[in-house]
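Each of the next two complexes has chain A plus one more chain, namely chain B in the first and chain C in the second.
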Partner chain A sequence: MALFRCEEMALYQLFLQSEAAYNCVGEMGEIGLVQFRDMNPDVNAFQRKFVNEVRRCEEMERKLRFIEKEVKKEAHINIPNNVPDLKQVPAAREMNELDNQLEKLENELRELLSNQEQLQKNFLELTELKQVLLRTSIFFQEADSTRFAAAARDDREHEEGEALLDVEGGASGGVAGGGTNKLGVVAGVIKRELLGAFERVLWRVCRGNVFLKHADIEEPLTDPTTGDSLLKCVFIVFFQGEQLGNRVKKICEGFRATLYPCPEQTAERREMLKGVEARIADLQVVLDQTLSHRTRVLESAAANLPLWFVKVRKIKSIYHTLNLFQVSQKYLQVQCWIPITDIPKIQAALDKGTSDAGSSVPSVLSQVPTKEQPPTFNRTNKFTEGFQTIIDAYGVSSYREMNPMPFTVITFPFLFAVMFGDCGHGLIMALFAGLLIWKEKDIIAAKSKNEIFMMFFGGRYLIFLMGVFSIYTGILYNDLFSKSMNIFGSQWAIPQDVAKTLAGYSDNTDTVELDPKDSFKDKAPYPFGLDPIWQVADNKLDFLNSFKMKLSVILGVMHMLFGVVLSLLNHTYFRKPLNVIAEFIPQVLFLGGLFGYLVFMIIYKWFAFDYTNSASAPQLLITFTDMFMLSAPDDELYSGQYTVQVIILLVGVACVPWMLFVKPTVLYMRHRNPAATQRKTRDLSTGLTFKNLNNLAGDDGEGTEGLISNDELDRENGIGGDDHVISPDTHGAHSSNGNAPGAGGHGGGHGDDDEEFDFGQIMILQAIHTIEFCLGCISHTASYLRLWALSLAHAELSEVLWSMVMSIGLSYDSVFPGILILPPIFAAWAVLTLAILLLMEGLSAFLHALRLHWVEFQSKFYHGEGHLFTPFSFKHIVENPLED
Partner chain B sequence: MGAAFATFCIWILMTVFWALIGVAVPLIIPEKIENRRLIQTMLLLTSVSCYTFWLCIFLMQLNPLIGPELEIRTAQAIVEEWQS
Partner chain C sequence: MAVPVFCSPFTSFFCAFIGLWGLIMCPIMGAFYYSHAITFVEDVPYDVEPSDFSKDDLESTYEKVAINLFISTGVYFVCFMLCLCQFINRKTSLIP
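Here is the complex of A and B:
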């Protein structure tokens, strides 16, 4: 049964024709049921056969990432999130097509990008030039007016439009004589923050002989390469002489100011301005068209992007897997682990792959006998996956041992609920998990990266069951947000005479104790759960503690006995009757005898003692310890108790040397005379039964390895030639390789028989097991008392929260202040309930229930020394792209 | 005698209920349902654990050795609300 144990696995050798190899491996990836082994472990990654193809795929991935980055820059383009997986293997030629397509796309995008940059640079220059032209006209006009003033002084006539540069003399306006000194002008644009330093350097270097005017450009300009917006300003420098001019130009270079030629005449400037503006308008049009073209290209790419990613990843993973194969001229071969029940499916996939590739040679699957422990494959669906995960977190089950998962599905939520036990909180938990389950398709499609939420989501079925069981235990504990429900009517009645005297009490802190003789006589217990009167009683804890401790012990002993029974199932499956006699029976006698007797006493005391003989009711814990100290009980539970206890104790004590010595002794005797021990045993690796016939071992030399070399196989099956091909059976387990059963048979039997028989080691191991079990019985039984402890803590926290927070809001006599105070108080109570009682207590109870399973339950039968089955599967690769 | 009879009735009711869930229903689940074994295991374990839990609480209250200690106001409230 694949539910209670992991799947049966077998090691197979797969032969693929070179043409069909790619398609077949692709089909294997689609069905995800084959785990390939690396046949070239000592070959460097760069020396493998298909390393070029892998490189190409990585190049394609790089291109895809570049395209994705470009698409993401345009925020309004959406990359479709959920692309349905077509479950198709991309054909080998698709790789070439895709490669070309991607290359074209990348080149186009890069070209567009550089064009765009260039255009934007031009645009920036033109804009700056326009600004320069606009601002400098102001300077020239100012200079004109200065000239006018100077001319008026000198009585010269100046026409409008004559540039400053015609003035003889300096820019200072004074005209002296007819000197033909020409003024040089340099105009440009510089970043605003550099202006001050620029001015100072100019002043110092040119010794104050230059004149700088500047004006800010109001709108920020965009830098073409980085896309930042910069604030710049226009400046103009007047100087005299060539040397000064060179110095000025060098300084401008140093400050990375861009210089623009500025015509002196106003008319020229106006012409130039018009030209510049026209060019700017043209450039804007071109820029817009480029952008829209780029957007179109990106949009069409974005639609296909996820599909391409998936295809490229699939192709890359196929070539990675092909690298694991052993390559020869005509065929490729590999060893792989396959679940036996899936062999027809795998065979069909191989046939499909071969026919897709158009090859006529079918692929061959043949079984390889081996003594290795196969990987553990537990088939799960979306419901059982969560539970299997928490089991595997402790240790993956050994091959074909009992899988605790189907039992954990119920026992884990149940033990959680015993500790959580509040139906209000359970209801909230169940509703939350129910919501997650209802919306699971949407949540999976959304592919959230929030780890904590995905953890809760992964455990949604677990949380749902925990909530449902908590509702049940909450009803039984009669705890609804720390209040009890009185559905069937309390069975405790205050007798008439006591009721009459009640009015006489003045001090409200007085208490009255109800005697079961008067208040509970002739009554049936509350039918479903705890009587509601206990919630309002002062001595509630006295009653409940005793009950919860007893309940914990009962549940604990039951759980542990169940674990021991599972070990019996393991022993019978692996055909080890020695373990049954030497380990299982003494374990049951010890655990069942001693702690089962404790459970018996608990239940017996519930029946045998009531208010009539409560004075002589013995305390069970004292009785139990007295039993170990062999002292006679003061108060007897039943007659003959002392004798019974002595017998049980003696049997328990006798079990210890039984567990310690029997098995090593028998193994030692078996080692001495092997002929007497021909028995059927179960082969670990194939699950088939072979006779443990030691004389078979002598037949083939390489049988001891269990692994047949390739040459051997070739010789047997004649695969070397291309005319002799063996067609696969539908059940490859019974392969054409006749060697298998014989060699495999040797693999069966006790591991001890094949290896060196080390008596000392066996003895020590047995001693450890015995001590672990016997001491473990006591400590684990006590450990189950955490069921009591946590449920007590939860109930107390709940009650404190109610009485300290919620009661305040409910304690107002009149509507008016009450109605204002109650909502915020309720809000505070609700938040604290969610945070402390649901999240913190929930996590705590989860952890303790998990510990009870991992340690107390599983130590009775679980070995957990297996390794997980990691098949080659596209589903896994496509979802986790970062792994290589 | 009324008490003992009532007790017995309650007990037999619950036992039959959980026995139906734990034993009868798993047997009648049709063969072709995919996770049949899992559902059978779940039902059996649920019924065993829930029944045990209910039984322990029931048996514990069968013969109480101590009674509740009530505050006066609570006792007065009980007399008024639950017993009139």
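Here is the complex of A and C:
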């Protein structure tokens, strides 16, 4: 019965030998069925035993991230996306191996990186030098010609005709000596955007006594550290005098221009240029080789990267879990929640872990008696997971109460479809979900991070069912993109005499009223669904509204009655007959009597009246109100109606004090005389009584040992008077049986034996409960009318979209303008259908159907006060790496 | 195919989807128009006085609109093929 209720859980104590602990916890992670409790809640994270190992794992993760970043820089290397999970626990020594491997890899990469940077810096310098050499030759030639011209001019003044620049093997290029007329030269490279400012500063500082020439370098150069490409230009400064030279050099430093020694003689320059070019070629070769080596290293790392990530995460999570254990010298112990049916699996995993570690001492699982409410574990598969999620979103079911999920699988898509009811839209929805289901393996492997898409993908089975059910209700409402399908032939026909007079109709009567007496063929309705004639009828809504409203009320009352019946199943399971008598029966009488009678009247009226006597059919709303006012009906639906209504009303009214007073009174009397009422009940906290547990012990024959003997337990419990406590699993099954009535006798009653019996509290709670139920019946029944409202809205929107958009495209009877207008109009209609009718209306109907389930249905039986079972599972950890 | 790629994978998929929808729905609607389905009687551009009403004229109008729909099927076929080529050429995953 695990489908209707959550799994039975029990609290177990796990003893592991220190050597085997790592492997056993790893195996637990693989099977993912154990939820560990923190045995050291007050201990700081840094004081726990395995904090060093966790630190090491985090270091390894950091290295892995660094390697990943380096790999991602090289765009052409692919990191494989889907890594098959080997389902193996990484061995403890693997951590050391992996650590060493990662360290080596990281160091190698860092070295490669720094080498590469250095090489690139050298390369840049050489390139800039080459550019300087190339450009400055022009400057020197110009300077030469000006020197000749100046010399010719100044020959009269300067007899010696001393060269401004010593070209023919004179003093080496550089700063001219003080006092001579030789010009000093400084050549270098500066960023283009700084050039203007540089020039201005030079002019101001040197008072215009320097001469700057510059030329742009066309190709952009790459900066070694940042990798950006920069535009630079070559400049050369001519100055006279040492002082100016120093100033110029300081300004160059300030503007971060790199200076290069530039020989003034052409021959020297040519030599230098040749040398520089040769060195550039060599450096290029070295750079290429370095890059290719780096690529090779990264490629080999990239192949293993996902596997390493997974391993490191697993190891880290194992140590995190080990930190939860209580550590002593020889063994580690922890408390954990385990589903009872999985105990053999867990035991086998523990044995495997122990044998893997090479230890001889087996691990010990023993049960711990507890009064805590166990976590709720609902086993789901890929189909039921979507439905369970939407139920859990409102509240996780309490331990062992009825799980609404199996019923929701059908009722939710059905209520959605009642509100959505259109064949065409349902078909598109079903096809979309069908595509998601068909490609689900690929989509899971792609590990998309887009939240909205993953939300749709998670609900693919839900959406598929919603679509299929919508096709069904679409056929019932006879609505296909707001047009009706005439499959069987309409049962309405214009009678002959009316047809003859149609030709004589003038313009202002363009409606014909068809009397069903003459126009309704064969007195038999359309075989399935709504007659297609209604689509062209003006009074379609008059008919359809009444029909859909009544249908909504019928569905609503049925849904709510079903909820109340589920509460009966809960009361029976938890062995609370008082609730059955004091709550369930009056609830059924109230809801079924009053609103069930309304449903009866609706259905009766549908059958009892047809077009012949419809004029005399009483209005149900008035009838219902008259019933409450105890006034005799003017028109009777059936004979004896007044008497029946009075009886139902009296019974319904009597249910209110029944619901209000019976339960608190009985509880009060029980509190006064505890001995008189012995009962074995099941508390919500632990769903097992002695009887059940012993059955389990007998069946499994597990090799678990009891911690506390039966006698001790009895002594503990005898005074407290609880029969909620489970006795530990012992082989002496029969002895526990003997103790059961003894312990049970002390207890009796619901969970309020332990605390003080507060009658006022109970009375108030009961009053709230009663008022909530009775008023809720009325308001919830009315709330179900949203089924009508939304389906009306959907149909109207669909019709408006067709008549405002699509109709325009179809209103051309000639090919020429028609064919230009029809395709774009159709596309517009299709896009609007998708956006408004499918997405917006679909979301809206989803939300309202969900609300009907959460509030109207579940308030009749659901407590929803449980907490989820969160086992230690590698699958979960590997898939969600950021939650740590 | 050597068709230049000019839209994102999502746009091409979406347009291919609309093209497919038109490709399927337009001929069906055309067929229904051709068989004078009463369901479309309000969308047919036949607006005359009741006295001038002629059933044959109505039916021929029906058929003209049906022809329009069949031609637009061709248009959608072209659109669908174009977008499908775009999508296949992209060779990237549709999953966002």
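What we mean here is this: the second predicted complex is superposed on the first by the 783 of 884 C-alpha atoms of A that agree within 3 Å, B and C clash if a C-alpha of one lies under 4 Å from a C-alpha of the other, contacts with A are read in each partner's own complex, and residues count from 1 in each chain.
The criterion applied here is as follows: a residue touches a chain if its C-beta (ideal position, glycine included) is under 8 Å from a C-beta of that chain, and two chains touch if they have at least 3 such contacts.
The structure displayed is predicted, hence computed values, not measured ones.
J.: Could you say whether A:I410 touches chain B, chain C, both of them, or neither, answering first, second, both or neither?
T.: The answer is first: A:I410 touches chain B but not chain C.
J.: Once the two complexes are aligned on chain A, which partner has more residues of chain A within touching range, chain B or chain C?
T.: Counted on chain A, the partner with more touching residues turns out to be B.
J.: First (chain B), second (chain C), both or neither: which does A:A827 touch?
T.: Second partner only.
J.: Is A:S448 contacted by the first partner chain B, the second partner chain C, both or neither?
T.: Only chain C; A:S448 stays clear of chain B.
J.: Between chain B (first) and chain C (second), which, if any, makes contact with A:N486: first, second, both or neither?
T.: both
J.: Applying the touch criterion given at the start, work out whether A:L541 contacts chain B, chain C, both or neither, answering first, second, both or neither.
T.: A:L541 contacts neither chain B nor chain C.
J.: Using the superposition on chain A as set up above, list the residues of chain A that contact both chain B and chain C.
T.: 486, 502-503, 505, 507, 510, 536
J.: Which residues of chain C touch chain A in the complex?
T.: For chain C paired with chain A, touching residues are 18, 21-22, 25-26, 37-46, 49-51, 53, 61, 64-65, 67-69, 71-72, 75-76, 79, 93, 95-96.
J.: Please give the residue numbers of chain B that touch chain A in the complex, ascending.
T.: 2-4, 6-7, 10, 35, 37-38, 41-42, 45-46, 49-50, 52-54, 56-76, 78-79, 82-83
J.: Enumerate the contact residues on chain A facing chain B in the complex.
T.: 1, 3-4, 381, 383-384, 406-407, 409-411, 414, 418, 472-473, 476, 486, 489-494, 498-499, 502-503, 505, 507-516, 519-520, 522-531, 533-534, 536-540, 542-543, 547, 550-551, 554-555, 558, 603, 606-607, 609-611, 614, 617
J.: If we count contacts the way the header does, which residues on chain A are in touch with chain C in the complex?
T.: Against chain C, chain A makes touches at 442-443, 446, 448, 450, 453, 483-486, 502-507, 510, 532, 535-536, 803, 806-807, 810-815, 818-819, 822-823, 826-827, 830-831.
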